[in-house]
Amino acid sequence: MTNELELRVRYRECDPMGVVHHTVYPTWFEMGRTELLRSMGGCYRDLEAAGVFLVVVKLEVQYRQPARYDEVLTLETSLVRSTRAKIEHAYSLQRDGVLLATGETTLACLDASGHIREVPGSLVTAGDAPAT
Amino acid sequence: MTNELELRVRYRECDPMGVVHHTVYPTWFEMGRTELLRSMGGCYRDLEAAGVFLVVVKLEVQYRQPARYDEVLTLETSLVRSTRAKIEHAYSLQRDGVLLATGETTLACLDASGHIREVPGSLVTAGDAPAT
Amino acid sequence: MTNELELRVRYRECDPMGVVHHTVYPTWFEMGRTELLRSMGGCYRDLEAAGVFLVVVKLEVQYRQPARYDEVLTLETSLVRSTRAKIEHAYSLQRDGVLLATGETTLACLDASGHIREVPGSLVTAGDAPAT
Amino acid sequence: MTNELELRVRYRECDPMGVVHHTVYPTWFEMGRTELLRSMGGCYRDLEAAGVFLVVVKLEVQYRQPARYDEVLTLETSLVRSTRAKIEHAYSLQRDGVLLATGETTLACLDASGHIREVPGSLVTAGDAPAT
């Protein structure tokens, strides 16, 4: 389960070194998750409306090459593992086939009052789902 | 009614020209409004908890001189006019007495469902408040 | 001279009221200017590489209706006036034909050392260009 | 070598869940590094002016508890290891003694043309500095 998203770098996303600031990448990862879910037939906005909130509990990014203003990049977002307790994604950012950065996130699931709840069955695709 | 807020420019707030990006100033203005209200004995977080939401309906900024990373700036936020329908603020940003930018905002007041409501009496300080 | 740009609202662009934060709109306006220039055959990145920097000296935004996460919006960016001294743009943001916000910016032109210089002839389209 | 920085959460830093968005934490970490260097007698702005650029090559964040608008937080930034090749920092974010998040970054050093160079001796505090 993988989604490819094209991004054009905004001027606001770049810093005095003339490259994309490192804090921008996780915002792109979040966009990748939204689009991956959409490509699977889901909609994160509808999830929140239904009282299901996915929050990032762990983030890792490895930066290899800089990205610059106005470049068109390709973000590949993959669902690595989804269980009743957490969802793991991996990310790969490229420009014309050159790898710029990789990343991983772990999401947990909260209810509307902010308490941990099970990941909805519709999002569970592997692993330790209980037999029902 | 005026508040002075000291700000240190963050690296993330600067762009490839090496200066603060113009979209950052209204974020600082918002901080100035929070602190002005606090200095008057109020708390915007408590207002929201009570179902009172202040939204920006008009923004103007005039940029005169650039600000740069790590500089310490002084933002002066003034309440220009507050009525049952809207609240107007003015802003002046300086560095060591040099004027960098000025701005003005107009706020309206919404209830929790997003509808226009009257500005709470505690925030009305001048003008057209009805006699009660 | 007008450009239409489609935008999908990012989660990061929304605030605790559940709507797009007012400081995001001028970032979108900047994207609109980049695309308008591209549609006219220019490229702002090349301009900077050639030592021509366009800076916002005046910004105005009027907010009418909120925008929300995951909505697809249309930004119309128009070149209102371009002279040797400044460039003026106007913006109109819509969702399905509903007007959400309007705005105006004025740009000045700087050289690589940050001093005011004439707007390049290739960007001057109306008004007070000197006869040459 | 540790620095404590007090932060007040900005409204702009919070998302529709009403909590600080996860992409904001690394911006705070960067502020922590600036202040840690200052407390050691250095100045990152001067480093850049001298052609020394520190870039994040690896970022990790563990999120434990949410932070909210207007809260005052304490960020502890520690220099874990600094060699001729890289600089490692660790971060701990707290509110009234409650741990909200932890993180780690690895920085590399670039020259003005974007090539890897040695970390300046003045920033090397442990490990594999060559005898000279």
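Going by the order they are written in, the chains are A, B, C and D; count residues from 1 in each one.
Definition applied: a contact is a pair of C-beta atoms (placed from the backbone, for glycine too) under 8 Å apart; a residue touches a chain by one contact, two chains touch by 3 or more.
Because the structure is predicted, anything quoted here is derived from the model rather than measured.
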From the C-alpha centres, identify the chain that is farthest from subunit B.
A
Between subunit A and subunit B, two touching copies, which fits better, same or different residues at the interface, with half of the numbers shared as the threshold?
same
Can you check which chain pair, A-D or A-C, has more C-beta pairs in contact?
A-D
Distance in whole angstrom between the CA centres of subunit A and subunit C is 29
How many angstrom lie between the centres of subunit A and subunit B, each centre taken as the mean Cα position?
33
Where the centres are mean C-alpha positions, what is the separation of subunit A from subunit D, in Å?
23
Hey, what residues on subunit A touch two or more of the other chains?
11-12, 16-17, 23, 27, 30, 69
Touching residues (chain side subunit B, partner subunit D) in the complex
10-12, 27, 30-31, 34, 43-45, 68-70
Quick check: in the complex, which residue numbers of subunit D touch subunit C?
11-12, 14-18, 21, 23, 69
Subunit C contact footprint on subunit B (complex, rising order):
16-17, 22-24, 26-27, 30, 48, 53, 55-64, 66, 114
